[in-house]
Amino acid sequence: MTPTVIRTARRAAPEDVEALRTFGVSTSHEALGRSGLMKPYMRPIYPGAQIAGGAVTVLAQPGDNWMIHVAIEQVRPGDVLVVACTTDNTDGMFGDLLATSLKARGGLGLVIDAGVRDVRTLTQMGFPVWSRAISAKGTVKATLGSVNVPVVCAGALVHPGDVIVADDDGVLVVPRLEAAATAQKARQREAAEEAKRLRLAAGELGLDMYAMREGLAKAGLVYRDDPEG
Amino acid sequence: MTPTVIRTARRAAPEDVEALRTFGVSTSHEALGRSGLMKPYMRPIYPGAQIAGGAVTVLAQPGDNWMIHVAIEQVRPGDVLVVACTTDNTDGMFGDLLATSLKARGGLGLVIDAGVRDVRTLTQMGFPVWSRAISAKGTVKATLGSVNVPVVCAGALVHPGDVIVADDDGVLVVPRLEAAATAQKARQREAAEEAKRLRLAAGELGLDMYAMREGLAKAGLVYRDDPEG
Amino acid sequence: MTPTVIRTARRAAPEDVEALRTFGVSTSHEALGRSGLMKPYMRPIYPGAQIAGGAVTVLAQPGDNWMIHVAIEQVRPGDVLVVACTTDNTDGMFGDLLATSLKARGGLGLVIDAGVRDVRTLTQMGFPVWSRAISAKGTVKATLGSVNVPVVCAGALVHPGDVIVADDDGVLVVPRLEAAATAQKARQREAAEEAKRLRLAAGELGLDMYAMREGLAKAGLVYRDDPEG
Amino acid sequence: MTPTVIRTARRAAPEDVEALRTFGVSTSHEALGRSGLMKPYMRPIYPGAQIAGGAVTVLAQPGDNWMIHVAIEQVRPGDVLVVACTTDNTDGMFGDLLATSLKARGGLGLVIDAGVRDVRTLTQMGFPVWSRAISAKGTVKATLGSVNVPVVCAGALVHPGDVIVADDDGVLVVPRLEAAATAQKARQREAAEEAKRLRLAAGELGLDMYAMREGLAKAGLVYRDDPEG
Amino acid sequence: MTPTVIRTARRAAPEDVEALRTFGVSTSHEALGRSGLMKPYMRPIYPGAQIAGGAVTVLAQPGDNWMIHVAIEQVRPGDVLVVACTTDNTDGMFGDLLATSLKARGGLGLVIDAGVRDVRTLTQMGFPVWSRAISAKGTVKATLGSVNVPVVCAGALVHPGDVIVADDDGVLVVPRLEAAATAQKARQREAAEEAKRLRLAAGELGLDMYAMREGLAKAGLVYRDDPEG
Amino acid sequence: MTPTVIRTARRAAPEDVEALRTFGVSTSHEALGRSGLMKPYMRPIYPGAQIAGGAVTVLAQPGDNWMIHVAIEQVRPGDVLVVACTTDNTDGMFGDLLATSLKARGGLGLVIDAGVRDVRTLTQMGFPVWSRAISAKGTVKATLGSVNVPVVCAGALVHPGDVIVADDDGVLVVPRLEAAATAQKARQREAAEEAKRLRLAAGELGLDMYAMREGLAKAGLVYRDDPEG
């Protein structure tokens, strides 16, 4: 694969991106039909951040962050940088200088299937990162990769311009062309959940609210009393 | 194994449960004779929670939370739900709706050898969870398991009605019939530790306080001075 | 290897130790030439601590903390205890009593390639620990090891008296005789970074600031426009 | 828990043990209702061995094989030694001398949730071992454990006298009192499978043989043709 | 995502598939530009197998092999079945009955990002499998997935009809439309390597053969003699 | 650290190296006092190889095998190449061309804390490798490292010229200056073991042969009879 940078303006509609951000990862993941989730080893460096934005993708060599510098030029306000490696790596490929630059370009955050460093400074900056590791290990700038090509990041396929939703539950990839429909379904789902929440809080059982008893009996579930009480 | 729900009221005495909660996992684990601990991959979703309660056990299929709905009906005030899977799994089998329902039934918290989601909401609710992962991955409701049968959860054997103690140090299972004796030993241990803490804080060495020097010498420990000082 | 305790006063100069503490792990690691870092599985039990001090090393058996008691006698004010195990282990080999004793001797913190417990109390005490695990699992005091011999801890070689730097980014070992030079280089690096930070914050690209464009082109990087825009 | 050795003669009937050995782990596991399996990290040191025998259980400290020596006295001809550790450990707790002794007592093999060494000699002896690791790391003989108490080994609960079935697919625990019924079900299952095997080998589809098409359609499966062929 | 089966006849040219099989994974991976490799946890159940064929893809739920039955109908002679799961799973989703059926349809082997069982029988059948685990754990047939949709399997993107190359070095995905060019480059590479192999076997150094000395010196490599000889 | 190649002729005496090879890893590890062992994730690519030789060490960047080419020039007949990486990596940094070259220089084998490829060819060549992974992933030649400096490889410290012993039980590092004493102790240990082996094979219990019964009773071991027999 020739090392390549694709310049692209493909993005989802801002109102759909904002809706997905509001509903968050778990609800949007359900609305998308339960696909697109990155593996659960991707964790935020601090709790509470919740973002959504267009993906600028990077395919990098392990221990080499040259292409991240290249990618930042392709970032538009509201984007999220997504870094995949050609093999598993935990080196600290991103720190506070890159965050300063990315933030100055309007980037909202970073998703990286590798390590990150300067996490205390990043936390103070309020610059959110989801990564597989925290590591001070420095990187080289020796080998090319690509920017804005499709990548597999933490087990999920990401195309440039897809919507990245990230919060305390993990990281979700919503394909750009499915953003509007997913946002719409998430709205409906959220509304339905609110009603359920009230009923459950009042003590109604899910068994009754979801009418599960018949299905359970049909599937063969047996109830027995403990002879000792 | 026929999918079965056992209805049982076996629980330890509330004053013993409360004592174990107060002393926490590490002290209770020592008092129990150093057994009953779940593997250290079980981590709380937020720091500072400390609970103890009777176990309602669930054996579930990976990626299937049908039996959690069934189990909530069996929960009594002061109980802790304990979910084991038939194989290793990190899917988000429990979220804020189930937590709302479990809390409404008087459940104190969740211990799950799988994933959990909606962790920001759960944290806001003050509903503690100890899990092997955080994941937004949704689950199906397709295959039966069992409730209130003995399960192996995160490497520890749990019988329904056993006392589950959980805090920042991990999760401990105290067999129901050993709860009283364990609570009693924990009280004694805690009292003895307080005196030791004061002596150590004053600068006394553990070597002297525990009279270890003779044993070390007998075992063959050698002291040498660095020739360079 | 005969179980041995070496009494040694070798330490780096306090002003160099303090400088390394101020610059922290990532900057000091770069200044050292990108070596000496422990593996990223070593994590702090709470965020925000940043320490540097002379290493007192312990080589212990898995699940046996006898030698930690022995080592505390060798600790001088400003030291950091570094515990390595003969094999991978996650047992809770260190808790609040040992921390009380270590603190009373002037110890600044603990780095342990095993588990730690009583983390809530340690957090309240403000006693920082970097460990591979949190576990309530109790340990025995049955088998000798050594104190102040060279050890491999979490993949890094540590000699007694080396400077241990630890913060949210991980744990770094600076060889004692390289402390002064490393501190000096860290100072220079930090000064240079401040200027870069301002330029990046103003929107200048790293591509331009580091003059990377020619190198990238020479290495063969290709830019293409997305035909769809 | 007081360190204890239980002397027990509880075993399943030899003909049931032999039947389970013949059918092997996967078939017996199905016959048992899909429970009792150890985690898949338990691997044989060489391929092709297939054994079944009564469990003599050991609970050992990590890195300490004292109790294995104790346990061998409790082994009867046809037994399988099952070693669990109080925490995860990979030390080489068993080698060719112990194997010579265990074999001389009539032991058939070893299942150990830790490491094993001298694997070339063990292979030459034809003495099968299922373990989580191979490691030359030597162990101490310093701390007691127990023999013939219930243990959790590689995620499975084992009572002394349970039937251990082990082959290239892993390790299964069949509770002693369920051995006869399980062997009987395994026989039936095996007979049914032979007929199916012939039909599948002749090209019949599982979809038709198991009459799955209707269920799939009902569940909502959709077939589409690739427009490009 | 609606559970869907795509019927498709897209395959690479047989002579290119055969060439890729002959050159094997490592050479074809280089020829493809170093992409398309599955993660190295994918291992063959026995050494020595070397296959290449068109991918029939399956997306399955963890612990549920219903869709594998569905997929076998879509297999054409010379195909390789590729099974991905919606989350990490090690259950034994494939055994000798499914292998018998897949072989009868002309399938060459299986690549599964989960577990496999009956490995002794599969080895005797000469039916090769690359998997992340070996496990007897049985599966259910309860939830739909899809067949012949693009999947991410062990970190690699696979489209139906892509060429799967698998041998002792791992598993490679060659996109269908790049199969011819890759086979051609692999031929050239192999020819070049043969000449190099002879020179190296004769004692010539890679340093000289690849003319590396100047580059190394320019990059700053220093040679020093050990003062002790 | 300046990238450096040290030219050194330090090696242990050939007769000691040969003795260590004969006794193998487990016995030599005991003779050395139970230190120097690499982590058990280091596995041979085929069973049965048993080698010992002087270490030529390499410190490489992840995914970059440039320095292996440099190191081969430093190899003398009877040496073993030992490759450590600056961070965890599984890329296939060594294949059949490098093996051909290393073998032509008299190298006996490779120990690499990363991946290896072309394993079928290496097996056919009878060229043994101990690695943490098998992977076809290709590497770059972009960044310098060092040769014949001390390295930490798979958790063990290796100086150039140390004796590397490797067999099916793993990989051991015997410091050069301890080779003679270790070989001598291994001889004595082996002799003692042969006598023990015969006694154990005759049915004598380790409990009696090692006179353990008194120590066990003193430590508090209790025997109880199963009331059910």
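Observations
Labels A, B, C, D, E and F are assigned to the chains in the order they are written; within every chain, residues are numbered from 1.
Following the convention adopted for this analysis, contacts are C-beta pairs under 8 Å (C-beta built on N, C-alpha and C of every residue); 3 or more make two chains touch, one makes a residue touch a chain.
Note that the structure is a prediction, hence the values are computed from the model and not measured.
Any chain that touches subunit A and also touches subunit C is listed here: B, F.
Looking at which positions face the partner, subunit C and subunit F present mostly the same ones, since more than half of the interface numbers are shared. The interface with the greater number of C-beta contacts, when A-E is set against A-B, is A-B.
Inter-chain spacing, taken between the CA centroids of subunit B and subunit D, is 28 Å. Separating the CA-averaged centres of subunit B and subunit E is a span of 42 Å. Multi-chain contact residues of subunit A (touching two or more other chains) are listed as 2, 34, 86, 88, 90, 135, 137, 143. Chains that are in contact with each other form these pairs: A-B, A-C, A-E, A-F, B-C, B-D, B-E, C-D, C-F, D-E, D-F, E-F. On the side of subunit D, the complex with subunit F involves touching residues 2-10, 46, 66, 69-70, 72-73, 90, 92, 95-98, 100-101, 103-105, 115, 117-120, 123, 133-138, 141, 143-144, 148.
Listed in rising order, the residues of subunit E touching subunit A in the complex are 1-2, 33-35, 39, 86, 88, 150, 152, 155-157. Within the complex formed with subunit E, the subunit B residues making contact are 61-64, 86-91, 135, 137, 140, 142-143. Remark: subunit D residues 24-26, 29-30, 34, 37, 40, 43, 47-48, 50, 167-170, 172, 193, 196-197, 200-207, 210, 212, 216, 219-226, 228-229 touch subunit E in the complex.
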